[in-house]
Amino acid sequence: MALMEISLIPIGTNSASFSSSVVNAVRIIEEKGLKYQVTPTNTIIEGDLDQLLDTAKAIHRNAISNGVDRIVTNISIDERVDKQLSIEQQVDIVQQSLQ
Amino acid sequence: MALMEISLIPIGTNSASFSSSVVNAVRIIEEKGLKYQVTPTNTIIEGDLDQLLDTAKAIHRNAISNGVDRIVTNISIDERVDKQLSIEQQVDIVQQSLQ
Amino acid sequence: MALMEISLIPIGTNSASFSSSVVNAVRIIEEKGLKYQVTPTNTIIEGDLDQLLDTAKAIHRNAISNGVDRIVTNISIDERVDKQLSIEQQVDIVQQSLQ
Amino acid sequence: MALMEISLIPIGTNSASFSSSVVNAVRIIEEKGLKYQVTPTNTIIEGDLDQLLDTAKAIHRNAISNGVDRIVTNISIDERVDKQLSIEQQVDIVQQSLQ
């Protein structure tokens, strides 16, 4: 199990907001049945490498075919072989150390 | 008010975990009295450009002086002039649209 | 034609250098016959979305199966529908404007 | 000596091109007398941490005050304590290994 962080920026629209692109992305993630968390600057998804990159492809392709001239999609994949990474655990570890 | 996303990776340690670097970073953010959210892959901070880059500098400098040979610090700054960005609002906008 | 920027960091390897991971990545790109440029902080590849994400998958998978406990792979995809993006053009446009 | 990778995306500008933002950024880097390389997806600068973050601040501030409603500035800082990082060396190491 790896974690993927994904954010995408539509360029050339005449709006400074791109929350609708994020909403479209989340719908795609939900269709694929993957666990995710929306954060203030990106969306984090749990899955194996194939699931994650297929989802990234669907999100980018959906955005670029939605009447936008240019898209920059940023992806970061964090994978460990010595243990499973999970959305909850990554935050719990830090918060427990801070107590 | 802008949002900064920060993550840092210590390289050349013989551990696959770097949660202690994140804990140190959060302590620096707390000392600076800034609002933040720890996410599974990075930490997001609210502030103006000076506060955010000073905090990024303190976090990077703390990590590189902590007996690590190499650090890669990734920073993303999202700033709007037409409205204030906030940690809550960014997530609320998406979640309301998904309902 | 889109551009993909890819960098990967092996974690917990006891070495501050990871140029060998970059060399392995470039060999994979060459096997796929894609045009690329190695820069001081990442490698940039030209291709369509399928080619680029397949290459990213192969690079990440090769790195994580090479005796490393953890890998963070960062990918950025820049795609335009109104024109083709190319490695040369992106730099030429800026350099011509600077003359 | 560290390396900083910087890219910035103006949002809501009605144009899919943002090469003019890159040109403005390079002019700021040149005024600061720092060594840099323009790549197809970002600009890489050599310097110490103070120089690099001051330059990032000047670039972001210039872009956000240039009639744009929103800017996302991405920064990555790579610093080693066991040796100096340089723009040439980072690429030479990889190219020599590929011969």
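Order of writing sets the labels: A, B, C and D. Residues in every chain begin at 1.
We adopt the following convention: a residue touches a chain if its C-beta (ideal position, glycine included) is under 8 Å from a C-beta of that chain, and two chains touch if they have at least 3 such contacts.
Chain identities (UniProt): A, B, C, D = MTH1187 family thiamine-binding protein.
Nothing here was measured: the structure is a model prediction, and the numbers come from that model.
Asks: For chain B, which other chain has the most distant CA centre?
Replies: It is C.
Asks: Would you mind working out whether chain B and chain C touch using mostly the same residue numbers, over half shared, or mostly different ones?
Replies: same
Asks: Would you say A-D or C-D is joined by more C-beta pairs in contact?
Replies: The greater number of contacts lies at C-D.
Asks: Using mean C-alpha positions as chain centres, tell me how far chain B is from chain D in Å, no decimals.
Replies: 19
Asks: In angstrom, rounded to a whole number, how far apart do the mean CA points of chain A and chain D lie?
Replies: Each chain reduced to its C-alpha mean, chain A and chain D end up 25 Å apart.
Asks: Any idea how many Å lie between the Cα centroids of chain C and chain D?
Replies: Measuring from centre to centre gives 17 Å for this pair.
Asks: On chain D, where are the residues touching two or more other chains?
Replies: Where chain D meets two or more other chains at a single residue, that happens at 16, 69-70, 72, 74, 76, 78, 80, 82.
Asks: Can you check the complex and tell me which residues of chain B touch chain C?
Replies: 9-18, 69-70, 72, 74
Asks: Please give the residue numbers of chain A that touch chain C in the complex, ascending.
Replies: It is residues 12, 49-50, 53, 56-57, 60-61, 64, 68-82 of chain A that touch chain C.
Asks: For chain A, which residues are in contact with chain B within the complex?
Replies: 3, 5, 7, 16, 19-20, 22-23, 26-27, 37-42, 44, 76, 78, 80, 82, 85-88, 90-91, 93-95, 97-98
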